[in-house]
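In the two assemblies presented below, chain A is common to both, partnered first by chain B and then by chain C.
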Partner chain A sequence: MEKIIRPIPPTTEEMTLALKKGLQNSADLMVKSAGSGMTLLYIDTLIEKLMLHQDILGRIKDESFSEIDAIMGEITVSDIKKSKNLDEAIMAVLTGSVIVHLNGDSSVLLVNIPSDEKRALSKSENESQVVGSQIAFNESLSTNIQLIRRYLADPNLCQEMFHIGTRTHTAVSMLYIKDIASEEYVNNLRERLTSIKIDGIIDSAVLSQLIEDSSLSLFPQMTVTERPDLVSHWLLNGKITVLVNGSTLAICCPHSFIEFFHTMEDINVRWHIATFLRLLRMAGVFMSIFFTAVYVAVLTYHYEIVPQALLIPLSESRARVPFPPLFEAFLLEFMIEFLREAGSRMPTKVGQTIGIVGGIVIGTAAVDAGFTSNILIIIVALGALGSFITPSYTMGNVIRILRFPLILLAGCWGLYGIMFGFCLLLLHLLRQTTLGAPFMAPFYPPRFADWKTNIIRLPFTYTSNRPIELRPKDEHKYNPEKAKKQK
Partner chain B sequence: MRQYKKWLLVFIILLLTGCAKPKTLEKIGLVTTKGYDLEKDGKIKGSLVILTVDPNAKQKTTIITTKALTARGNRIHSDVMSSKKLLSGQLRVVLFSEAIAKHGIKPFTDTFVRDPSISDLIYMGIVDGQTEDLLGIVNNQIPDVGQHIYKEIDHNVRWSLIPSSTLHETLQGNYAVGKDPVLPILKKTKNRVRISGVALLKDNKLVGKLNFYQSYYVRTLQSPLKSGAFEIPISGESLGLTGDHLPHKQLAVALDTVLSNPKIELINKENLEFNLNLKINARIQEINADIDLKSPKTIQLLEREIANQMKKDIRKIVAYCQSVQSDPFGLGETYRSSVRHANLNRKKWHKIYPKAKVNVNVKFTIAKTGIVE
Partner chain C sequence: MKANYQPKPPLLVNAFMAFYIMHDLQVGVGINGFQRYIYMYAKHDSWVSVILVGLLVHLIVFLILKTLQLYGSTDIFGVHDDVFGKIIGKVFNAIFIVYCLYATLITLINYIEIVQSWIFPETPIWLFSLSLFLLMIYGITGGIRVIIGICFFNVIISLWVLFLLLFPLKYADFSQLLPVLDTNPLGIIKGTYRMTSTVLGFELFFVLYPHFKEKSKVQLYSHLGILISTIVYVAIMVISIAYFSPGQLVSNIWATLTMFRISKIPFIERFEYVTIAYWMIIILPNLMFYMWSAIRGMERSFKVVEKKSLLIFSILLFVVSLFFKTRLEISRLNQLFVPIGFYLAFCYPILLFFLAFIKRKWKSNKEQAL
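Coming up: the complex of A and B.
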């Protein structure tokens, strides 16, 4: 469908009328005469007043111009553009431009001086780390891009702009390093971003749900992070980043399952510690998913496998509990979930009460009342700890709810049920893709070369290659042969 | 439609939960030890030791004794005497009285091995006397007689004092040719449980007994070892010691095995003849005489004395085993593996085994005379 271009009305009255109509008579639309037939039209709340006075009004007032191009030369704002399109002018006004209209001229100047109200850069709260930089993204797109550019002064760092949302016109920026990131992935993501038809997106978390491979899956297939250093690190590996104006989170993809358990600190600390921490996290996640389920299964069906030393304490702590293990486990798991949800929604000042309620009242009292066994409390608490160990909050949530179906299966069929659930889970995970790349790499398809950077972390002297699962154009971080010679 | 069917299938699977029978831990009676006696009328008297999980209970175990014609029958009769369903998934020890073992333990071991919930690593044992009496020990120091017996057998097996007698190894009596299992003999002594020796089996039937002193040799001759303590009486003549100054006039050495390696060789196929070579490397822990352990000559003499004593002991044990037609050392296995087309079966082996000539050679070396442990 050919869009009809509405021209700019040449007379001041008509122009003012057209704009007022276009903006539904908005009260904050200002129409200011600058003398000699010049009119400034802008939305009061969206522009930088100081610039309006200094760089526009101060330059053109008390002078008369015969044509619009002459005004353009006088105004000292860099982001300035001429337009003959009324709709474009309306859109520009909405994103913080001032329209300079000269009576009798059918083109206008769009001077972009948006007021940049933004939070100061602050410490990363949700992904804190000890070793490494502390800065986090804020809500301003330009600041966020600036943060990344400060880390990567690379001329090949590409930035593509999109406007998504028929109503919100949210500025979305896609960043990648041209000679590293795989073209296939870049094209794929670009296509996904341009094909979104929606009225609006408010946050990058929403955008990531719109562009991920399978929205039915339990697992997120793209990660969001608030750390510019992590984003820069991933860009160097060949990933693509999407930033959304107004969001503190950057989307990174392709992102495989195992990478959800990585942190920037893994790179910053020495490799022994990093490897230990990574394996610790995997053990924690495994425990978190299966511990309670195994408890239920063993107590309901497989009393044979209880070690002799544990038999008496286990059965004695269970002896007072009036519920079957399945019910007991669900009761306690839900208690923990209530506590957690209440804790995260509460104002910080009240939040401390939650600790007391959870720790003393529910923990001790539940055992004293004979509601649960001591051993289950330990197991459930360990499981909860295990799910907090996941660095990515979105993945942590998945780990958190995964155990419920497994507990149910354990209560229905014991260890066979757990095995059944585990197989289903594995099948599901193996079918997932992230931006078309296999989600379970480097496990399957096996990419053994990536194991040394993705599962454990070897010293940098042994990891000269970028992860091959990202199919980088430039495979080497450095040339190991050359590095050897220079030594 | 296909999606809908898929989910329907999942829900139908959920309905299958009715098929798996829950065995919730606190609702079942855990049988930890079983003991079988022979009644005068030929019935089996089974005693089951059941773990009590009540934290307030003083006695940690309950014993239910019933009479039946089969081992399973015993459990059925016990079920109707118990407040909880009795299950034997936590079974650790099975004991047989001598009387019942003489009739054969195959029906029992066969039942146990076919029950998937019973571990193959449970211990079998023979009781000198009635198992009911042994399991009924009332002793404040033994709150749980079942666990006590299990731990007693277990640590002695691990430290190589007695041969191992797990269900798996006992099954050799059912399936293997050329080696007969041995079981420890337990005896109630002074209100305690004592391992008094090992029992020799032939075709799953008790045929002979060796005392505790001899059981060490059985264990040593079965496989290479790196542990095992024993006390051996020696004659002190060559050392110039009479032992007259000792209260019981018997010289003895306490030894701790560092390494022992038995080897069985078949040297004559027609007129069955074996070489039974045993290499032992041990350290002296104690000797009840004043002797100079620093002199190499004394050590040499001591080594010879101990080797001679061992040779004598082993010869005696082998002769006894041959006389009862039981082969705990696995001479038959050596025969079967060295003779082509031996076509050995258990009956044939038990017939020719007593006639075999067994030459015993012991090479004993003292590794250390210094630090004891």
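Coming up: the complex of A and C.
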């Protein structure tokens, strides 16, 4: 069905009426006469008043024009266009345009001067780092694009605009470097973005859930970050970024499982430390998922595998506990989750108090009261630490809830249950894709060349190639032969 | 059905995966207790039997891959169809499918038996069986790449198990291996025959072959895989002979697990509990490969949709698995499998190679004559 184009009514009265009707008699719609048949229509709250006076009113007032093109020449705003479509004009008004209407003319000028109310750029709070830049995205799309362009002064940096949401018309921008990013992934993402049918999206976190490969999976398949430096680094590797107006988070994809445990600091610090930190994180995550479950399994079914020297303190600390290990573990795990959730919703100062109350008071009291064993408290606290070690908040949440089914399985079938859970997890991860690329790369499909950049990190002199799992068009970051000569 | 079968590019894997697949297929549930039957015949020269089997497998796999290479890109179902014609070919395909299901069942039941006798004597079979079938169905519906993926992961992350073999070395007495080659040759041959059922799995290359990208390199990598698994088997055999006294080894159903018992690190003792649970991930790819081969056969030969046959086979095997409760029944099932595996996986490929070779020659001669 083709949409009927409603033309612009030529007379001032009709135009005013049509616009008022189109905007449901909105109180902040301003109709201002600029003399000699010219009328300006705009929404007061959306436009930059200074520009309205300086660049529009100041230029055209007290002059008379016979046709609309002449006015276009006078106005010094760059974002200006002519339109004959009433619906387009209404949309433009809603995104911060001023309609310049000349009585008797069936086309209008749409002068875009949106008021740029935005927060000042600030430090990255949620993904802070010691070595490296501190800046984070803010809520304005143009600022965010500007931030990325400042890092990447590359003419090949492509920017495509989409408007998503039948009601919100949110501006969404897709960025990639044309001669690096794989065409297949770009097309894939473009297709997904254009096929979204929804009334509105408020944040990029919502958008990422709409365009990811499998929304049923426990794991996020696209990452969101608030760091422009990280986004630029990933763009250089051949990833694609999606920015959403009004959101401080940039979506990056394709993003494999292991990359959720990477930070910008891994690149910034020297390679020994980076490698150590990466391995540490993996160990922490592994521990976080399985530690409590193993405790429950061993204490419920497999006392035999604990050496005698360790069994004595273990049974001593559990001697007063009246619950089975499964119940004990759930009690403590839920306590930690309560604390965590309470802490994250509180103002910072109260949050600290909560931590003290929870950690020291409840923890000690629980042991004294004989509710839990000391050893379990250590294990659960270590597990909680391990889940905080994940740099990506979304992935950290997954690690956090993964523990519960595993503890349950351990409580029911011991080590067999844990192994069942592990196999299921592995199969699940192997089945996932991110933008059509395998999620478990570079482990599987094995890309051994990528292990030196994605699992550990070798010095830059040994990593002249981009990760091949992203299938970059240009595989070389630099030519290693030339680099050697310069040394 | 066309003899030639070319899977779509997303279903192809690199040729070097043949190494991992081969190794994984050969090492399965059998490794926990293969020593006993070989030792019965070959005594302290059992390791010679193991090496002989290794050499034999090299030969058979060479022939299997040569047979398939005659056709370019095909699997055993296509070869059967071409060599025996439509109807008899279907019969042979059905036999192969039944064999795959039998192998799945054997692996499953032997694993469940180990879990039951070592860890959970009270827990009913259906629970273990059900959990393994759930994993299998979930994995197989993900496609061949997921199965190969878990197989690859398994080989990489299972390396630690090999370190457990260092612990028995402390108590090993290698003089028990002497005098070398003292047993009569017939005993060694008999031991070799008993060993064949442990190293089975390579015959699935008959079905997997079309899924490799560079067909010419499959030969190399699969032989490397065989080499590594043979070395593992020989190492375990040698250590077992040195560690156990002869009487113990003959009466021990799970010699390898018994060896793991004495492994000890500061916070874990009795490692066999860990390894038994851990063995799930080692047998899971085997189960999935066999099951997948069976449902591939159903689709290729009888045009049954994969999901349908997967569901039917799973339910069927699940029900059948509930009937094997005692050691005696399981032992009988295993005994029956030895000749079947020997004839189907060791003898039949040789025959098939010559049949296919002659058929190809005859066909090309006919074409030339025309």
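Here is the rule we use: the second predicted complex is superposed on the first by the 484 of 487 C-alpha atoms of A that agree within 3 Å, B and C clash if a C-alpha of one lies under 4 Å from a C-alpha of the other, contacts with A are read in each partner's own complex, and residues count from 1 in each chain.
We adopt the following convention: contacts are C-beta pairs under 8 Å (C-beta built on N, C-alpha and C of every residue); 3 or more make two chains touch, one makes a residue touch a chain.
Just so it is clear, the structure is predicted and the values come from calculations on it, not from any experiment.
Novice: In the overlay, answer first, second, both or neither for which of chain B and chain C A:324 touches.
Specialist: Touch status of A:324: first partner only.
Novice: A:443 in the overlay: touching chain B, chain C, both, or neither? Say first, second, both or neither.
Specialist: second
Novice: Between chain B and chain C, whom does A:312 touch in the aligned arrangement: first, second, both, or neither?
Specialist: first
Novice: In the superposed arrangement, does A:283 touch chain B (first), chain C (second), both or neither?
Specialist: In the superposed model, A:283 contacts neither chain B nor chain C.
Novice: Who does A:304 touch here: chain B (first), chain C (second), both, or neither?
Specialist: In the superposed model, A:304 contacts both chain B and chain C.
Novice: Looking at the overlay, does A:414 come into contact with chain B only (first), chain C only (second), both, or neither?
Specialist: In the superposition, A:414 touches chain B and chain C alike.
Novice: Which chain A residues contact chain B in one complex and chain C in the other?
Specialist: Overlap of chain B and chain C footprints on chain A: residues 301-302, 304, 306, 413-414, 416.
Novice: Show me the residue ranges of chain A that touch chain B in the complex, using the header's touch definition.
Specialist: Counting only chain A, the residues touching chain B are 298-304, 306, 308, 311-312, 314-316, 318-321, 324-325, 412-414, 416.
Novice: Touching residues of chain A toward chain C in the complex: what are they?
Specialist: Touching chain C: residues 301-302, 304-307, 310, 413-416, 418-420, 422-424, 426-428, 430-431, 438, 440, 443-446 of chain A.
Novice: For chain C, which residues count as touching chain A in their complex?
Specialist: 13-14, 17, 115, 119-120, 123, 127-128, 131, 134-135, 138-139, 142, 145-146, 149-150, 152-153, 156, 264, 266-271, 273-274, 276-278, 280-281, 284
Novice: For the complex, which residues does chain B have touching chain A?
Specialist: Listed in rising order, the residues are 14, 16-17, 20, 22-26, 28, 30, 51, 53-55, 60, 87, 89-90, 92, 117, 119, 147, 150.
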